[in-house]
Every structure is written in structure tokens, then in C-alpha cells.
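Order as written gives the chain letters A, B, C and D; numbering starts at 1 within each chain.
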Amino acid sequence: MKLAFIGLGKMGSGMARNLLRAGHELTVYNRSREKSEALSGEGARVAASPAEACRNCEAALTMLSDDQAVEEVVGRPDGIASALDGGTHISCSTISTAMARRLAAAHASRGQGFASACVFGRPEAAEAGKLIVMAAGAPALIEHYRPVFDAIGRQTFIAGAEPWQANAAKLCGNFMIAAMLEAFGEAFATLRKAGVDPHTFLDAISALFGSPVYANYGRMIADQQFEPAGFALKLGYKDLRLVLETAQECDAPMPLASVIRDQMLSALAHGQGDQDWSSVARTAARDAAL
Amino acid sequence: MKLAFIGLGKMGSGMARNLLRAGHELTVYNRSREKSEALSGEGARVAASPAEACRNCEAALTMLSDDQAVEEVVGRPDGIASALDGGTHISCSTISTAMARRLAAAHASRGQGFASACVFGRPEAAEAGKLIVMAAGAPALIEHYRPVFDAIGRQTFIAGAEPWQANAAKLCGNFMIAAMLEAFGEAFATLRKAGVDPHTFLDAISALFGSPVYANYGRMIADQQFEPAGFALKLGYKDLRLVLETAQECDAPMPLASVIRDQMLSALAHGQGDQDWSSVARTAARDAAL
Amino acid sequence: MKLAFIGLGKMGSGMARNLLRAGHELTVYNRSREKSEALSGEGARVAASPAEACRNCEAALTMLSDDQAVEEVVGRPDGIASALDGGTHISCSTISTAMARRLAAAHASRGQGFASACVFGRPEAAEAGKLIVMAAGAPALIEHYRPVFDAIGRQTFIAGAEPWQANAAKLCGNFMIAAMLEAFGEAFATLRKAGVDPHTFLDAISALFGSPVYANYGRMIADQQFEPAGFALKLGYKDLRLVLETAQECDAPMPLASVIRDQMLSALAHGQGDQDWSSVARTAARDAAL
Amino acid sequence: MKLAFIGLGKMGSGMARNLLRAGHELTVYNRSREKSEALSGEGARVAASPAEACRNCEAALTMLSDDQAVEEVVGRPDGIASALDGGTHISCSTISTAMARRLAAAHASRGQGFASACVFGRPEAAEAGKLIVMAAGAPALIEHYRPVFDAIGRQTFIAGAEPWQANAAKLCGNFMIAAMLEAFGEAFATLRKAGVDPHTFLDAISALFGSPVYANYGRMIADQQFEPAGFALKLGYKDLRLVLETAQECDAPMPLASVIRDQMLSALAHGQGDQDWSSVARTAARDAAL
């Protein structure tokens, strides 16, 4: 397919590369041009604006950091909305459910399609085309773009017929990870004060859960090694805020999420915004006077 | 070795069987005698009291439901304490750190050894000798009884030189599982109200974490199938209470644990004590008016 | 002074009346005209639009239900912003700190003044001119409008030179009341299950705190009499959300506020949005299976 | 009446003095004798042991710091239980509901009466005979000892026919105060970061609630003046633990109480045990990096 890809950060670069590898015709745009150039050697055309990237494409994928970035790239004069011309916008970013609904409405009013295709996984998984894709949108649209999802992920799940449902599921997934991080943080704080070596506990927990996610994040916390950040705490905090907003729209209290949000907010207050989000564990340690 | 084994519930039976298979000489005691008889066909001697089970044994293992049960089996006139006669008590039960310290002191005053060897795993793992053992106690003692731990588990971790440290680690481990249960409960509540099929979310989360623990418990909650209980909510609640007591002894706040305790308490108030502890998820559902 | 007053709800009507009593020249506007007519008998002029109310006035006061209502009344074509013509907008509504900053910026760009003058108190206090006023804005402006504050309140406090600071203080004040409501709810739930008459406890607490606020709200909860609503739960919930947004802007976790927000959200899920906000107590009761 | 009074701390001394003033015949006992001597000048007889104090008395009042102190004074060989000889034990201490039930049973088995008469108020109120008394026990017993309650308090409330019900109500009362302390702590933290003077907010809140309890505690927190302690944080923490134990006995979750307990535990970890319990506010400040 003829596709546009906008947003070539840690995740987006790998995703774009896998679309090229799968044989799609790709025009890319990124705010700082050097990341686009890196992909041009692999066959991507480089555009000077989102609108230029979208010209004559069938669908435009966006992989950006937050609501605001997506809103701007879509709505600006040389943005996606005006240039898509009946095509489809596939949003991969972790954005709010409210924003997903606004985008769906905006595109619908122009006779354009909109789908969410959120992804789980770290940059290495994006590079390897092994992401988990959580998609939602009109069934025919989703079916049509399945080859796109297959190119970037190892498995695709369909959350529903409304694009925002994929965003709800993605946010809940990040909440599941955050709950693990905070639980580790509290357990380690207590055990350190009990004189138990965190690595001993980590090894037992890794054996118990048998999950690489536990092993990897658990080690970062046991080692107290939060830099460089794989996923910045300020972004994790944003996701906790967003999952609570979704919960609010659904009239569903999430008290665990509220606790984690507050622990992350304390971490932000202590200047940890650019550390890995696993550093939320430092709040529990600080509260125990460690 | 010549060993006594006291407490032949869902977990204890499997553990005792694996000690027999490993060639240890075993005398067993259980409050209701029929469970002992089941093991006599496999080579166990059956005792009429804890004291009789301990006669001439090198070490007595206990696998009982709570502090009170252990205290009674140890302290009663025909209990372990008086009959051990210089041997070692190895406590496998999930009991409080305070109780572990009291037991250590009581045995020390009689010149007897005491070690904790807590276990992670469900009854099937106990049966298969695949438990994860979290042990603690005097290093020489731990070293000496390693063959015992190897017989019941697939891996042994040493939490420290004080028996109660293993109990602290075991309680924190159960807290890690409980955090996952509550996180599932909140995510499912929000997603059900968002019209997202819980099984779709579960499949994505299972793929993301790659952990059988997530897959198994997640399915119970997605299916809302909480009976028969693998591990009763009233016991899970007890463990949350105990981990908070340990945290308290260590001056280490565990706000996530507090939330889970409160959610479980609400579940108890609604008569769920004998359901599986994953039914804590019903509190989040109820609070969302599901 | 020549003043405009926009928003004649339960609170606004009393406030407007006291401005008339203090001798100010008042033009009023309300979405449904009948409330304006009620005041015309007491000397108020009735306007057909916010802009018309502002014509030639020195300052326009707004007392509306939320951010959206204020935004609309200010920004619409026949709204305050365009008609104020160098005058001052005094916002009495309980709105977000972010909205207060946006209003300040919008008016500044037109060379108009903006101040916040939030009020504490129930409709009877508004009627009696006994509100507590929490004002903020440029000192000269605040000084100039002190007679206005004195007319509606019994005491005025100055939160700072930035209008949004008054909104922060007002939201924190509502949080203080909400904390009392939730604490009552939890205490009553436990005591009802302990067989202690809620009214006995209420009488002791009223004697202890010596506060009419405790006596009044405590009685509503003890009586389980939540209708008619003095202040609707959906509005109280909005304020908890807003105080958490302010806390977020300040990087200051408020875990108690998070709990109350979640309890209110559960109340909303159970259809209590139009009951008095003291009915948040029903969540604690429900969670105790009462 | 002929009464014994045991425990002459900050509260007990004033209470004993008011019993003397009311004309009762009093024998006092305190662990450190000097406090007893101080009362002997006012007509009290001084005993060398709890048993001696109880000799021939009709009732013995105890005002001690915690469960352990009461248990010891009652159960020791020269304690109350053995010396009361058919009289009544009136427990004024803030102890657990479980301990109150144990005391009731212990006295009943000896044919002795037991009642709880918990008190609200600070040392100055005890000195002035202005405490609030929360009593519970067999109606005839309560009626008979009403003159005793009247001597120490300004108002007496009857929580029920079971002594422990008064303890439940007393613990819930302390929880109400603690909720106010934590709410102040969170509001002040946010407002300090918002640049709002805490004293301005305090004055508005004092005007709003009209309660000396708010004015006094609020000032301590606004001034960050936590020493000397009127009521030590370690005792406040104990009460929060006890109210949560009572809530647990009643299957009634108290999430606000859980948060406050955790905040106090963090304060203990930071060495604040001997500061006033209002210093729980420092946890919120620390978490906001103040």
C-alpha cells in the first residue's frame, strides 16, 4: 500500500522500517528531519510536512508522544486532516479516549476513515516487528488494514468497532505494567528494611511469574538503575492520568491507578520525570526513609 | 532423613508425597486422620498426635493454614515443642513474621532449631515437587536441610539468616500476585463499561507479560468463575493483613497493599470468603455498578 | 458602582440581592429569564444577553456552575469579553485554576481586568450576605472592589496577586469539606455494623468539633437523607477532579483527595449524581454490604 | 463513692482531680510515684500497687496509654482483676475493641463489672472537667456510675450495652480528627506550592467550619510547629491501627483511614514518633518535595 508515516521516535522508526520491509510504499515525516533521512536509505520518501507525506497515500499512520502532538499534526494548515483526501488515519499513539473520539469525528466530517492501532512493546520489539497491536475501528476498515498491523506486530487484537476502545485497552495495559512497578517498589522497600536482598526476592518472583516483563523491570528496580529511560516517567504518568480519565468517562473507580498516579506525581516533584517510569519505586523507598 | 510432616491439606499432601519419593522416612499427622491414611499406602507412618509424629525425628515440617494453627500444633501438651527433643522445626506455612520470631525464640529456649521454608505455587506444583522455596535461618541449618527443600521444590532461595525474613519475602510475593489480581479487576471493570470484551484484553495482556500466572488468574476473572477456590479469599485477605503488619514492623508504607486489603475486606463483607481470592475483582466491578 | 451580574442560580440570586441592598446599580442576566424577573422587583435591570448586561458597567460578576458555562458566557459573540470594554470581570464560580489563567490572559489581551472572588457558604449564607470570600488578583484591583466583596460576604481573604490562586484555595476548601463527608461515611459504616447508633456518634462529634458544618452534614448522613440536594454530588465530584488537577499542576500528591474522588465516582455510577454530595457516604456503606 | 484511679499521665491527673473535687474518695496509683504525690495534697490516698488502690473500692478507673499497659495493670499478681473483689472496672483508655472484649470476659468470669468510659479532649479539658465521655456497658452499671462520668466530663454519650462499643466510637472519633489533619496537610502542601499563604487559607477554613479544633490544629500545621506534642504521633498511629482493626472485625473498609495510617507510618519512618500527631502533614509536604 501507499502509506504515510508520521513520528519517527524510538518506536516509530522501527515500525516504519517494518512497513518498508513488508513492501509498502512509504513517505515519512518527522519534526526533526534527520530521523527521516535515516529511513530514506531504506526506501522511504521524505516529506517536508504531514500534508506532503499524505499526498496520494491510502492511509497515514501517526506515532506521536501525546494528545497535543497528534492534534497539531492532524489539524495544522499543512496537517493530515486536510491532505488525507478520503484516505484513512491510523493512530498508533497512546492518546486519550476523548482525543480518539474527537479525531474520529473530525475525519468522519471530511468523509475520511479513522482507526486506532495502539501498540504494546519496547523499542526493540518495534524494531523486530514483534509489537502487540490493539486495534479498533469499523470492521471493514480493520480488515482492510490487517496487512499493515501484521507488518508491525506479532499479534493483533481487535478491541471493538469504535477506535477509542483500542485506546481504552492500551491505557489499561499500561496500567497493568504500572501496577507491577509500584508493587515491586513497595515490596522492595519493605524487604530492604527487613534486611532481605532485593535480588533474592526478584529471582524468586521471576521464577514465580515466569515473565520477562517482571524480570526486566524488577532488575531495574533492584539495581536502582533508572537511566537511561526506556520509557520516561513523565510519559508513564501521562498514561496513568489518561487511564483515570477513561475510567471517569466509564464511571468506574480505579483506586489502584489513583495510588500509582499519586506515587508518580511525587516522583515528578522530586525531579524524576526523565528517568525510567520504573523509578516510581523510589517514592515507596523515600516514604520508608530509605 | 527421619522427618515428621504435620498438616496434609491441599499443599501439604503433595509436599509430603515428594519427601517420601525422595527417600525420606516420614511420619505424618493431620487433624482429620483420613488424609494421613492416604499417605500410609505410599510409605508414611501415621501418628495420632504432633508429638508422636516428632518422636525420634530429625526435623518436623509444618504446613498449616495460619498463625493460630501453627501456634496450637507447636505449643499444645502433645505438640511439637516438647517432643522435638533437640531436633529442628521447619515451618512452611504462610504465617506472620511476628509468629516466626516467637517460634524461633521458643525453640531456641529449648535448644531446638527453627527455620522457615515458605513455598510459592498452587497444589499441582506441590504435587509435582515444583514449588519455589523461600527459606531462611541459620546458614548451617539451611545447608543441612537443603535436600529437604530440593525434594519439595524446583528452586530454593535464601532470604537471610533470620527465619522471619523468609516469611517477609513470602508475604511480599503473595502481595505481588494480589496486586495483579486487583489491577485485572479494575482494568476489566473499566473495559467492560467501555464495551471491550475482557477476553480480548486478557489475550493481549497474556501475550504482553508472557506469564502463566497472568493467563490463569486473568481467565478466572474474565470468566467470572471463582469457584471452586484454588486459594480462598479469606486466606488471601489474611496474607494482605500480614504483609501490612510486616511493613509496619519495618516502618515502610505500602499504599497499594492497603487498597487491596480494603477491596478484599469489602469482598468478605459480601460473603466471598470461600471464593477464590481472584474474586477480589468483584469489588471493583460492584463499585462501577456492574 | 455600576455592575453586571450573570448567573442567578441558588447562590447567585442571593449574592445579587445583597449587591442591590448595598446600593450598587445592577444589571442581571440569567439563561432562564424568570430568575432575572424576580430581581427586577428589587431594583435590578434585566438584560437579554451577557453583553447587554455589561454595557457601561464597571465590573461584571459571574456565578456559574462550571468551566464550560463560564467559557461560553465570556467568549460567545454577545458575551462578556467583547462587551466589557476595559472593565473588570470578577469570577465567583468554582472553576479550574487552568480556566482562571485562561480568562486572565484573555481579558489582559483586551486591556480588561480579571479577578477571582470565590465564595464559601450555602444558599442561605448567600441570601444573608454572610459568605466567606476568597479573592485574588492585582492588589489595586482587589482593593478597588473590596466594597463589592463586603456586600456579599462577612469576611474576605486575599489568596494572592494571581486570580487562579483564589481558585486553588477555594478548591482546597471544598476538599476539606469532602474529607469530612467521607470520614463521616466510613465511621458511620463501621459503627452501624458495630451496633452503635449513628446519632449518638454524631452528637459526640458535634460536641467535639463544635462546628455547625459537622452538625449539619453529619445529620444528613446519619439520617441518610440526601434529597433535596444542597450541593449536588456531581458538582462535588467536579470539584474533587479540579482540586486534583490543581495538585497536579503543583506536583503535589493528594492521596486523600484521590480516595474521595474514587468514592464519589462510585456514587455517580450508582446514580447519585443529583443527590447531595454528602451521599458519598453511601459508597462506604455499600462496600461494607450495608 | 470510694474509687481507685490508676494512670496519672497528662489526662489522668486532671480526671482524678475532678473526681476529688466532686467529693469522691480516691486512692491513686501511678507507675512513677511522684505524680501520685502531687494529688495527695488534694486529698487522694496514694497506693503502692494497683491492687492496693482497689482495696475496698467500689470501682477502679484506668487511664493508660495502650492495650499492653492496661493488660498488665489488670492481670499482674498485684493487679486490678484479683483485687477488685466484685467491684467494677471502668476503662477510660483508648484501647482496642478486642482488648475491651477480653477485659469484659475476664471480669465477668470473676463476677466483676466492666464498663468503658472513653474520653475526648486535650489535657486542658481534662483539667477543667470538660471532657466528652463516650461510655458503654450494662445499662444499670452505666446509670449507677453516671455521677463519675459527670465529674470528669461536660457531656456523656452512651454507645451501647457492650463496653467495646464505646471503644469503637472513640476510635472512630480519633479517626475523624486524623482525617482533618491529613486533609490540612494535603491542602497546605498544594497551596504552598501554589504560592498561597497557609495562614490565609487557615483563617478562611476556620471561619468556614467555625471549630476551635480546626483553628488549633490548623495553626500547628500552618506554623509547622509540632513540638511539644499535645498528642504524640506514635499514639495517633496506634489509634489509626486500632480503628482499622475494628473496621476489620466489622467487615467495613475504611480507605481514608488506610491512607492516613500509611502517611503516619511514613512519618514514623522519618523519626516523628514523638512529635504531635498533626505532623502527619509533613508526609504530604515531603511527597510534594517541599
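In this text, a contact is a pair of C-beta atoms (placed from the backbone, for glycine too) under 8 Å apart; a residue touches a chain by one contact, two chains touch by 3 or more.
Everything numeric here is computed off the predicted structure, so don't read it as measured data.
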Under the document's definition of touching, what chains do chain B and chain D have as common neighbours? A, C
Mind checking chain A against chain C and telling me if their interface is mostly the same residue numbers on each side, over half, or mostly different? same
Identify the chain pair with more contacting C-beta pairs: B-C or C-D. C-D
Inter-chain centre distance, chain C versus chain D - centres from mean C-alpha coordinates, in Å: 37
Between chain A and chain C, what's the gap in Å when you average each chain's C-alpha atoms? 38
Interchain centroid distance [CA atoms averaged], chain B/chain C, Å: 52
By residue number and range, which residues of chain B touch two or more other chains? 247, 251-255, 259, 262-263, 266, 269, 287-289
In their complex, what parts of chain C are in touch with chain B? 255, 262, 266, 269-271, 283, 286-289
Would you tell me which residues of chain C are touching chain A in their complex? 241, 247-248, 251-255, 258-259, 261-263, 265-266, 268-269
Where on chain C is chain D touching in the complex? 97, 120-121, 132, 134, 154-155, 157-160, 162, 165, 168-169, 172-173, 175-177, 179-180, 182-184, 186-187, 189-191, 193-197, 200-201, 203-205, 207-214, 243, 246-247, 250-257, 259-260, 262-263, 284, 287-289
